[in-house]
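Questions regarding the structure given below will be posed in turn.
Here the chain labels run A, B, C, D and E in written order, and each chain numbers its own residues starting at 1.
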Amino acid sequence: MQPMMMFIVVLIPFLTGIAIPLIPFSKRGHMMAFLEGLVLLNSALVFSLLMHRPEESFAIVKFTGDLTLSFRIDGMSMVFGGLVAALWPLATLYSFEYMKHEKNERIFFMFYTITYGVTLGIAFAEDLVTMYFFYELLTLVTVPLVMHTLTREAILASRKYLYYSLGGAAFGFIGMIFIIVYSNSPDFVLGGSLDLTKIGWRTDILLLVYVLAFLGFGVKAAVCPFNSWLPDAGVAPTPVTALLHAVAVVKAGAFAIIRLTYYCFGVEFLRGTWAQTVVMAIVIFTIVYGCSRAVKETHIKRRLAFSTISNLSYILFGVTIMTPLGMVGALSHMVFHAVMKICSFFCAGAIMYKTGRSYVHQLDGFGRRMPRVFGIFTVSALALMGVPGLCGFISKWNLAAAAVASDNPLAFAGIGALLISALLTAIYMLSIVIRTFFPAKDFDYETIADVEDPNWYMLLPLSIFVAAIIGFGLYSAPIVEFFTKIADGVY
Amino acid sequence: MGANLFVNYGEAVAAVLFGIGFGNLLLQKNLIKKIIGLNIMDSAVYLFLAEKGYIIGRTAPIVTGGVQSVEAYINPIPSGLVLTGIVVSVSVSALMLSLTIRLYRRYHTLDLDQISLMIKKEEET
Amino acid sequence: MSRKKTEQEYRKTFAFHFFRWLNGEKDPYLGEVEMKPQEPYKETEEEVKARIREKNMISRRLYGVAKSKEMKGLERFYKAASIIFCCILIYLLLFTVSYLPPVGTADRPVNNEVPQRYIENGLQETGAVNIVSGMILDYRAFDTLGESHVLFVATVTVLILLRLDKKKKNDGEISIEEAEANDRIYEPKNDAILQMAAFVLVPIIIIFGIYVILNGHLGPGGGFSGGAIIGAGLILYLNAFGFQKTERFFTEKTYKWISFGSLSFYCIAKSYSFFTGANHLHNIIPKGTPGAILSSGLILPLNIAVGLVVACTMYAFYAMFRKGGF
Amino acid sequence: MDFICNFPFFSILISLFSGTICSVLPGKAAKWVNTFVIVLIGAMSAALLWYLLGTGESFVYMMGHFPAPWGNEIRAGVLEAATALFFCIVMLLSMWGGRKKLMEEVEPSKHNLYYILVNLLLSSLLALIYTNDLFTAYVFVEINTIAACGLIMIRQIGRTLEAAVRYMIMSLVGSGMLLIGICMMYDLTGHLLMSNIQESVTAIIEEGTYVIPLVMAIALMVIGLAIKSALFPFHAWLPDAYGYSTISSAAILSSLVSKGYIFLLIKIIYRVVGFRIFHDTHIINVLFVFGLMAMIFGSLSAIKENDIRRMIAFSSVAQIGYIYVGIGLGTQVGMLASVYHIFAHAAGKALLFIAAIGLTDVSGFSRKFIDLTGAGYRNKIAGIGFTVGSLSMVGVPVFAGFVSKLLFAQAAVNNVGKMLPTLIALGISTILNAIYFMKTVIRIYTPRPDAPYESVAIGKEKLYAVSIVLFIALNIMLGMSSQPVVDAIHAGLEMFG
Amino acid sequence: MHESMILMLPILVPVMTGLLLLCMPAVKNRKVLIGITAAGLIVTAALVFFVLFQEADSFTFFYLTKSLPVYFKIDGIGRIFVTVVTIVWLSGGAFAFEYMKHETDEKRYFGFYLIVYGILVALDFSGNIITFYLFYEMMTLLSMPLVLHTRSREAVMAGLKYMLYSFCGAYMVLYGVYFLFRFSNTLTFTAGGVLNQELIAGREQFLLFVVFLMILGFGVKAGMFPMHGWLPTAHPVAPAPASAVLSGIIVKSGVLGVIRTVYYLFGADFIRGTWVQTTWIWLTLFTVFMGSMLAYREKLLKKRLAYSTVSQVSYILFGLSMLDQTAMTGSLLHVICHAFIKCTLFLCAGAIIYKTGKTRVDELAGIGKEMPALLWCYTIVSLALIGIPPTGGFVSKWYLATGALRTKLPIVSWFGPLVLLVSALLTAGYLLPVTIQGFFPGKAFDYTHLKKKEPNLTMLLPVIVLTVLAVLVGMFPSVVTDYIVNHISGLF
């Protein structure tokens, strides 16, 4: 599979996206078939590309000096690329049904598919400049999606999202510059490409720059001081909040931070320094903050958004441990959380789509009326809580094992935070489950007669996700093995 | 302070005039007084420039009686530059005066801040 | 000892809560986990009105024509700052002047080989007796070319501002008829003394101007000064005999074509000499015998062209200021 | 001395001569002459650039029969040719962009006067670029000032006249200081030719006789030029001048006029004073500090602004701050970054002004933000143009702004002392830019179904659409394939000294 | 020690039948429902006893992660607990057939009842801490529907509270498990502890904190002091057979957890004499005393029994905290006796509510006249709980007291038995008034409209069986104590 393929795979979604509003489809069915077909084709190409990986890199544009926009697939890009390629067709299928109610869905699907290409671009970037290039494009392409409903809140939310992201990217930019100047090659090299001779006495400036870049990219990964945009972005239609604000965009932030820590600054350089403690403290605070805010929130999607904030910081906690085991934990939670969160967001979307209710106190007794959706929601809730036998437990186990192995007292406190947040997750997820399955004794089911399960468009992705959750939970050895190989640099 | 302040008294006067013209340009409220300040400043510069060329005991650089040795005449370049400078200040003053006329015709005042306030009020309504 | 607490008081004490929790009657979680439903925030009518009123108040205060307090403060600060700035500037200039090379001495860096060549073989190379006009019209001709265009640009801007369009009535400004009316009211008409003086002086002034232009390369003077003199003469004539008389020989069209003709001649002549100079071609224009009127190659025609431009510009400025037309 | 070496001389003379010709031609003919002249000069500069890239070193062109210290001289290198070419392109597109509004706002009889001013402005810019003589530079600076003032007041409403007066006062202060600086420099060195001055300046520095007056002369010249190019503390005139004049003059003023003075400043730093000596005179730190303040306060006052064109004007105060920070860093890479930013800002800013007027036209000619809601849908090409312009100003990867930000950051990192303040200022000003530009972009794309204004089809004003599309292409070209431009500038700077 | 599939049978059969019952569409007559449940219970009990006497005693079900097998292994402690679970579960089930008549959603109740039975068997058979933790959490989740069966507002809140307290405890345990995974050779339960000495060289203090956290975690389920809040709220709202089983068995899983951690993972010597042991002892003593005091003041019968569970389970924990062989035998014996006694007490309370609907103690005047047999069993069992010689309670308290005295810990060795004695008196204080009032309501009571309200056989039989068992254990303790002693001798 020659390297040109990498660029084609990123290009196809761009072209399909642009083609959708232009081609005059007679029936909506044609458009859906066309779009789903091309997205599936692209995912197939991505997977075949990941199967037999081309070694050398592929340069698209020679930017300035020695900086080029170029792609290369290594372990990390296989994980993120594979994840995105797996989830996108399902999410598109789901959004066909969901977007029936919304207007000008052509524009929506255009930006939605272009985001697919941009995320793949981030995954396959060979060096920090290319990743930064697609990282900024991601913001620009996702703003119209957040703004899709064009109501007042949507406009304000998209504006806040834009300010936060551009601000964050500005500080990420500073990190990128230092890497370009102080590393012997801007490409990603596991173990860091910093050239120690050049650094000389300026280590503490570099550490300060690392913290700034971490917070810069952290804005997208919803790190504590900069995450108020994520709950507000709940105003967007569910396919957007589910896929982007639970999987693609925020994971891109986490992916960028992993690249920054493991592949640019290098773990030996950062481990044990004050930068690690500062960064880990922020992440631990975000874990607890996210969950405690979620408990108080009564809007379903905002509650899930806050839970995303805390789960993202799980991944960052794994990253900040700065050991190969930590990376394994981070990667496993990145993949498993993506599956769990997209499943619960889609359930929330199904509820809002079918019944139009979006507040927790309106959901009494839905369990009996929508058994399949709420059954899946319960499984995803249990998985999020980390009940053994589901994939949540596996990733928590890897994270905790890495934290314990790192002998860093702050990491021990981190495990405590993980468990406190698990308890809070139990509170805010199970209170929904109990409210729906065991409503008060005198509750008459006629008031919610109109509530019933959505059709197979929505249920198929949901059931696939549940199967994935349980499958990963019971038999996670091969995938964790794959992550360990990546962490040790085999790929 | 250097040695030849009193030797270059001409340039010193030019410097003081430049300062006065500059102050006038910034401080005066009335537009025409600003233009006068501007002209003072320009003439100060040309005095400063003319002083450059002068050599004691030598006449203007017009060849008289076939004498073409350097000792007979002063340095011609500054006077050439002054000539050009004067034309510049003439044109600039003409431009500023016509601007003042147009502003006066419309706002009947020569105070620039007053004019900008009147414009704001005009736009407000 | 202590009086028995009433029911409400007891209910507020810590002991009551602790024991209630201890024996599990009322536990802190009951009913707390589920928040009351939160309605989204709707902006009531008067809040909107209050917001608009407050916005207007701000803009009113900001643009208040009456001298508001901080405007005065700002002015005082601006005045003080500019006075200090000027004093510093004067001190600095004096400080530098004191270090400059002494005026009048011959051995200053200014008197290097550049003026020496001008003086020694200026006459041979340019053919001009007056070395300064030789310098400004031949050695450093590019500056003077720029110079005349500065004057030209200034005239263009003055035309833009002051020229009144005959056909259309300007919006808001005064029309051509009113301008004429004003002109007639304020300017003197058929003032006998002025007319007699002009009758005598104008020819002398103009002849003297022509003399200065023609002798530009021989003695002091040149295009700029001669033109100015002729311009002054024309202005005196206009003042004395009014617009009808001057329009007989000097209308806007003549002005346009004279300035165009002389400026383009000047431009072409100079570019010819630059082009031949740069490419080391021989300049066919003869230098002529030094001292004679028709000597020093191009300098004489250039002087004439510049003289004409300057004269017309002076007259145009004056006409524009008076009537916005010719 | 083959024929192509005459091109710089030809381009200056042709633009001067066309100015004179336009005075007798009617408005329409003057327009054709103007366009033809700009295209011709653009072609000549492109050929000159091609030739110079071939030979690889700059050449000196003697104006008149007498060699340098006696007669005038112009010097053309790769950087000069590239700047000339770029200035012609931007001027041509700005004229096209503003054509329609020019017809409406200026009385028919005064059209040819406008084209005279544009031609003379072009000639003064070219002269500033090519000249190698200080006093010639001063003369053409004057032409530039008066022509620019003419451009501001061509629209003749109360606002523009007041803006023209304020502009004249500030720039006359500036040119007064510049002239007195030049006279002092002449007095100390005896020469007016830049290369000769440099020798005597180095001589003065060695024996250290007139060091204080030399520093003072340089300071006066630099401060004079800074005032004329509206650096931070002296920018009071800029918002009104750019905000209310007619569109093509606003575009030309913001992208070309202030850049001409900065180009002269760079020439003084390189050729008159010499890079090393200028670096040790601490004036560079003053420029650096003023540049930083411009970056921050320019953007802050832009956020407060409620009128879209004044907001763009304030943003150009901030961008000029970027250029001065580049110069203030004092390294070769810093200079490279600021020259690149001259191109990037020129392209972006002119596009923003032209797009802004397109948007205000479809929103009932009101300049308030509230009326602009949904303007992006009504005038599609202007909406796209404005978005591209603001993205380039904010520094988003695909467009020119990003490359200049990249170069600035690289320059900052090499200079240890000034690294942190520059990077922090860069980060903060990017955020501030993002805030006020993205606020507008989002506002013009929020639909307002009940808007009482009718929308404009793309095809209606062909010239306007063509200019915006070409500007976008220029921006993207500068953004994506920036390598050849950076190499040309680097080569230019090498041979510039 | 060889693997065999049979071990899985007693776990899978009840879970499958439970799921079948849950997914089955509503059935018209109760007979079918009762039939299936009874069959399920009996078959599972038979399978359990069959498996106990197999020689194959371990089985690896599947691997959670590379190094975490879900592994079952039967050992002495497991056998004791399984037998107790089976006996109590069968009697509770029998009682429930009759009792559930006046409750709704019986199908859901019996379904979850069976599943929890399977989970409990799996819990007792689990061979390593991960399997134990897996089924410990499953048990919480699946027993929660039993608690909030009546679906009243308080029941749902109580269920939620029960679940969140248990999850909080479970996560404390999980925190400990992470460190165990790092600092021990293997996670399977081995007598005497699995800690790897050189790995924990410098970190004793932190590991002590971890042990204490795990003890507190399991203590939540066992109703130890700081986290006992859920017991008094959960019991009154649950249907009687559910609360009987809840306080009889499910609370004991917390005790099993403590035993596994202290004796089979960290090893008794690791925490002997440290601050962990002392704090643990003082906590248990305080809970014993506090439980009995609160029970003494409580008016509601079922809540009073709930408080008595809190104090009785702390007897067991006190015995375990002595880290002494006899004390441990005493506590294991008390596990058995308390299970039978408490189950009987709750079943009697349930019968009273079923028959007369009275829940408060002061309404029970003259109950002896109406249900003589029931109240006789109640009296005998109360005497057993108080610790009157012939019954089981006395034997276990005897062992506990002698064990405490043998350990020679500074204050605790004598103060412990003193507290046990005082608490025994208090137990009498809160149990016997029911009997006294029941049989001798006193003169003012009008005997006129007393009617015979004896509950029918299916409810009475389990009560009688359990009473007989409680008394038998008291009379012939050597059968149980010898079995216990030779199984736990390896631990010290």
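Some points to look at:
We adopt the following convention: contacts are C-beta pairs under 8 Å (C-beta built on N, C-alpha and C of every residue); 3 or more make two chains touch, one makes a residue touch a chain.
Treat the numbers as computed from the prediction; the structure is a model and nothing was measured.
Shared contact partners of chain B and chain C are D.
Taking the mean of each chain's C-alpha atoms as its centre, the chain lying closest to the overall protein C-alpha centroid is A. When chain centres are set by their Cα atoms, the one at the greatest distance from chain C is E. The greatest centre-to-centre gap from chain A, using C-alpha centroids, is found for B. Rounded to whole angstrom, the centroid-to-centroid distance between chain A and chain D, based on C-alpha atoms, equals 44 Å. Distance between chain A and chain B, defined via averaged C-alpha coordinates, is recorded as 68 Å.
Once the centre of each chain is set as its mean CA position, chain B and chain D turn out to be 28 Å apart.
Centre to centre, using the average C-alpha position, chain B and chain E are separated by 106 Å.
Shown for chain B are the residues that touch two or more other chains, namely 2, 18, 22, 26, 52, 77-78, 84, 88, 91-92, 95, 99, 102, 106, 118. Each of residues 33, 93, 95-96, 99-101, 110-111, 114, 118, 140, 143, 147, 150, 153-154, 157, 161 in chain C touches at least two other chains.
In chain D, the positions touching at least two other chains are 135, 139, 142, 146, 149, 153, 156, 180, 186-187, 212.
Per the touch definition, chain C reaches chain D in the complex via residues 92-93, 95-96, 99-101, 108-114, 117-118, 125, 138-143, 145-147, 149-150, 152-154, 156-157, 159-161, 163, 165, 167-168, 170, 256-257, 259-260, 263-264, 267-268, 271, 273-280, 283.
Residues of chain C that touch chain B in their complex: 59, 63, 65, 75, 79, 82-83, 85-87, 89-90, 93-106, 110-111, 114-116, 118-123, 129-132, 135-136, 140, 143-144, 147-148, 150-151, 153-155, 157-158, 161-162, 172-174, 219-220, 222, 224, 290, 317, 320-321.
Put simply, chain A touches chain E in their complex at residues 382, 385-389, 393-394, 397-398, 400-401, 403-405, 412, 415-416, 419-420, 422-423, 426-427, 430-431, 434, 438-441, 474-477, 480-481.
Those residues of chain A lying in contact with chain D across their complex are 61-65, 67, 132-133, 136-137, 140, 143, 147, 150, 155, 158-159, 162-163, 166-167, 170-171, 173-174, 177-178, 180-182, 205, 212. Looking at the complex, you find that chain B touches chain C at residues 1-5, 7-8, 10-12, 14-16, 18-20, 22-23, 26-27, 51-56, 60-63, 68-73, 75-80, 83-84, 86-88, 90-92, 94-95, 97-99, 101-102, 105-106, 113, 117-118, 120-121, 124.
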